[in-house]
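These are the structures, in structure tokens.
Heads up, the next two complexes both have chain A, just with different partners, chain B and then chain C.
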Partner chain A sequence: MIAGVPTEFTPPGPESFDLPPIIDGVSWFTKPVLVSALSVVVIIWFFWGASRKSAIVPSKLQFAGELGYNFVRNSIARDAIGSAEHMKYVPYLCGLFFFILLNNVAATIPLIQFPTFSHIGWAYVAAIMSWVIYNTVGIRKHGAWGYFKHQTMPAGVPVWLMPLMIPIEFISNIVVRPISLSLRLFANMFAGHILLGVFVLGGEYLVFETGNIALAGVGIVTWLMGLAIAGLELFVQVIQTYIFVVLTAQYIGSAISEEH
Partner chain B sequence: MSEHEDPKPSPGNSGDGWRVLSYLIGGVVLYGGIGFGLDRLLGTQFLLPVGIVLGAGLTVLLLHFRYGSRS
Partner chain C sequence: MLTMVLPLATEGEQPNPLLPHTAEIIFGFVFLVLLAIAFAKFFVPRFEKAYADRTAAIEGGMDAAKQAQAEAKAALDKYNAQLAEARQEAAKIREDAREQGAQIIAEMREQANAESERIVTHARTQIDAERAQAVASLRAEVGTMATTLAGRIVGESLEDEARQRRTVERFLADLEASESARQAVGTDG
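This part shows the complex of A and B:
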């Protein structure tokens, strides 16, 4: 045992995500609510500003706005849904992309540093929205029974295997998809936030609480590691946004496709 | 399959891995669940692992039919 180690270190846990309300007595108004509302304001400001004075020679803001919009429209929507029908879904996909992106990156922005989607309810709602949309457009296109067959009858499977395959298709396409969509986003944000918390709080404990110069040195290294993890997390935040929106687009694309 | 030609040049491949994952989860959960239920019903012990392996195998077969013919 090292002398002068006073108290135990309590690492951050799930309870670190129970934030107090910002205004006393208004229990629903917590940090995720504030951050998501702010993100909506920023997105509206950004795209309104970018498209307000459209010019042949774009301003910097217009250029940035078009870059983001074109990315979602061409690289996500058109690739996954096909050039004939993708335009209908670009507004949803674009809005979804930038909403998730800003709320994920909020975990890295100083002073905010909280990922909205680390509260699982947010991820559930985003996934349910996508689920409702791809099922609705599929049912509209093929009719209820036609869509059901479309989603559960895999093409190219021998007839005698069909009874075994149809339940897998059903479970996978209707049940597992929204769950995996929401859990993937939630778990990445949750784990990233906790991981950062462990490094930062652990380093703080080693530097300030132990009173031991060698351990303080380790604490500094811990902080540097935390910085590297923060960089990794920024990458994860962007990638998870992309995956969520690409999968939504692919689900829509496969729901309205003529054949698998 | 001749009628099974993808109209798109399958560019959105970045999500295919994740879609495959949801198939694998679905197959294992479904047939593992059936095995678990039958175990409880019949008082046996071996049907849960059989179901899990069967589910995983069937899913791989399904993925072969679904994605394998696309080149």
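This part shows the complex of A and C:
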């Protein structure tokens, strides 16, 4: 820090995510709950309107809805699971995709500007649901022992390597997947929010608190960079949504596949 | 990693970002299930219905086009068959006409031949009859004239009718014979 700076700058940290309840005394009603509830309302409202007529020649709204629906249905579900069985999982994957997408993008929308998934509970529950689903359908398809073999004993591996392979495959396919799935999404949202906070609050500190013209100029540059970071974050928000849902579809696809 | 980080939550004043809020887990579950049900119950069936209708409409259009094509082909075949039939018929009519024409010409020719033959025959008969008549009348006249002439020249009356007739007959026979001989020589020559 430069000498002569009157007050200490405290960068945003984990405590920045500890928001007070919106209504005093109702501890569960926090900003992420409100935002995600709004996202559910928006998703249902949008798709209700888009799919209401299910016309052969779609309206603009229906076309937009079909565009989003088709993306999840074909580019994610069908490509990962295969056209024979993907339709069973399209509802969950669609719900997951649009829920994560809206809540992520909400972090860029002015006045909301808070990523729901930077609270890890949301990421946990989404990852655990995906985990339960792909393991359940795998066990239902291959049987418990068959599924265990399917996930831990890759075809073509010599028998003497099995003592090594089984624990590795078990950990990577059964244990680590929900953790990596949730942490990846959470960490991206968490870090993105902190990064933006650093740029915006840091710029604010430099412009208003230091009382130094040169530092104020640096602060303005910091804000501009924060704007660019916000653009980057929007990209990350969309990409992370896609990765989460694609991986879920991939896990389902590999759980019900016949062979490795 | 998780086990390494988790105990930190109890140490510092800073909240541990890896510890979930129970309420958020419950809400997350409820919201995701709600959305999955909404998609499963309403949105997916409706979109799929639109797709199915669209596919049906396109396939229906293609079927209709195929049918129209088949109909057009059938009509073309029919017209071609009719055209061939008509052509065949025309050829047959022409052939018939030609035959008929030839027949008519032949018939006409035959008729004309018969007619000409008839005319010729008739004329010949008439000529023969006229000639015979002429010969008969000449015979009578020439006899009288010759007798008269001979009576005048000779100056004597040939009273004997029988001798007279015999003389005339002999003279005419001679005359006829010489005539025929001359004619025969004329035709031969």
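Structural remarks
Convention: the second predicted complex is superposed on the first by the 256 of 260 C-alpha atoms of A that agree within 3 Å, B and C clash if a C-alpha of one lies under 4 Å from a C-alpha of the other, contacts with A are read in each partner's own complex, and residues count from 1 in each chain.
Everything below uses one rule, namely that a residue touches a chain if its C-beta (ideal position, glycine included) is under 8 Å from a C-beta of that chain, and two chains touch if they have at least 3 such contacts.
Keep in mind the model is a prediction, meaning the values are calculated, not measured.
After overlaying the two complexes on the shared chain, residue contacts for A:A80 are found with chain B alone; chain C is out of touch.
By the touch criterion defined above, A:Q62 reaches chain C but does not reach chain B. Contact with chain B, but none with chain C, is seen for A:S172 once the two complexes are overlaid on the shared chain. Once chain A of one complex is fitted onto chain A of the other, the partner contacts of A:F99 are limited to chain C, with no touch recorded for chain B.
After overlaying the two complexes on the shared chain, residue contacts for A:A155 are found with chain B alone; chain C is out of touch. By the touch criterion stated above, A:W48 is placed in contact with chain C alone, chain B being left untouched. When chain B and chain C are set side by side, the one touching more residues of chain A is C. Using the contact criterion defined above for the overlaid structures, shared-chain residue A:H119 touches chain C, although it does not reach chain B.
Of the two partner chains placed by the overlay, only chain C lies in contact with A:F17; chain B stays clear of it. By the touch rule above, chain B contacts chain A in their complex via residues 1, 3-4, 7-8, 11-12, 14-15, 18-19, 21-23, 25-27, 29-31, 55, 58-59, 61-62, 65-66, 69.
Taken together, the chain C residues at the contact with chain A in this complex read 2, 14-25, 27-29, 31-32, 34-40, 42-44, 46-50, 53-54, 57. Of all residues in chain A, those touching chain C in their complex are 13-15, 17-18, 27-28, 30, 32-33, 36-37, 39-40, 43-44, 47-48, 50-52, 54-56, 58, 62, 65-66, 69, 73, 87, 90-92, 94-96, 98-99, 118-122, 124-126, 129, 179, 186, 190. Within the complex formed with chain B, the residues of chain A that make contact are 76, 79-80, 82, 154-157, 161, 164-165, 167-169, 171-173, 175-177, 180, 184, 242-243, 246-247, 249-250, 253, 257-260.
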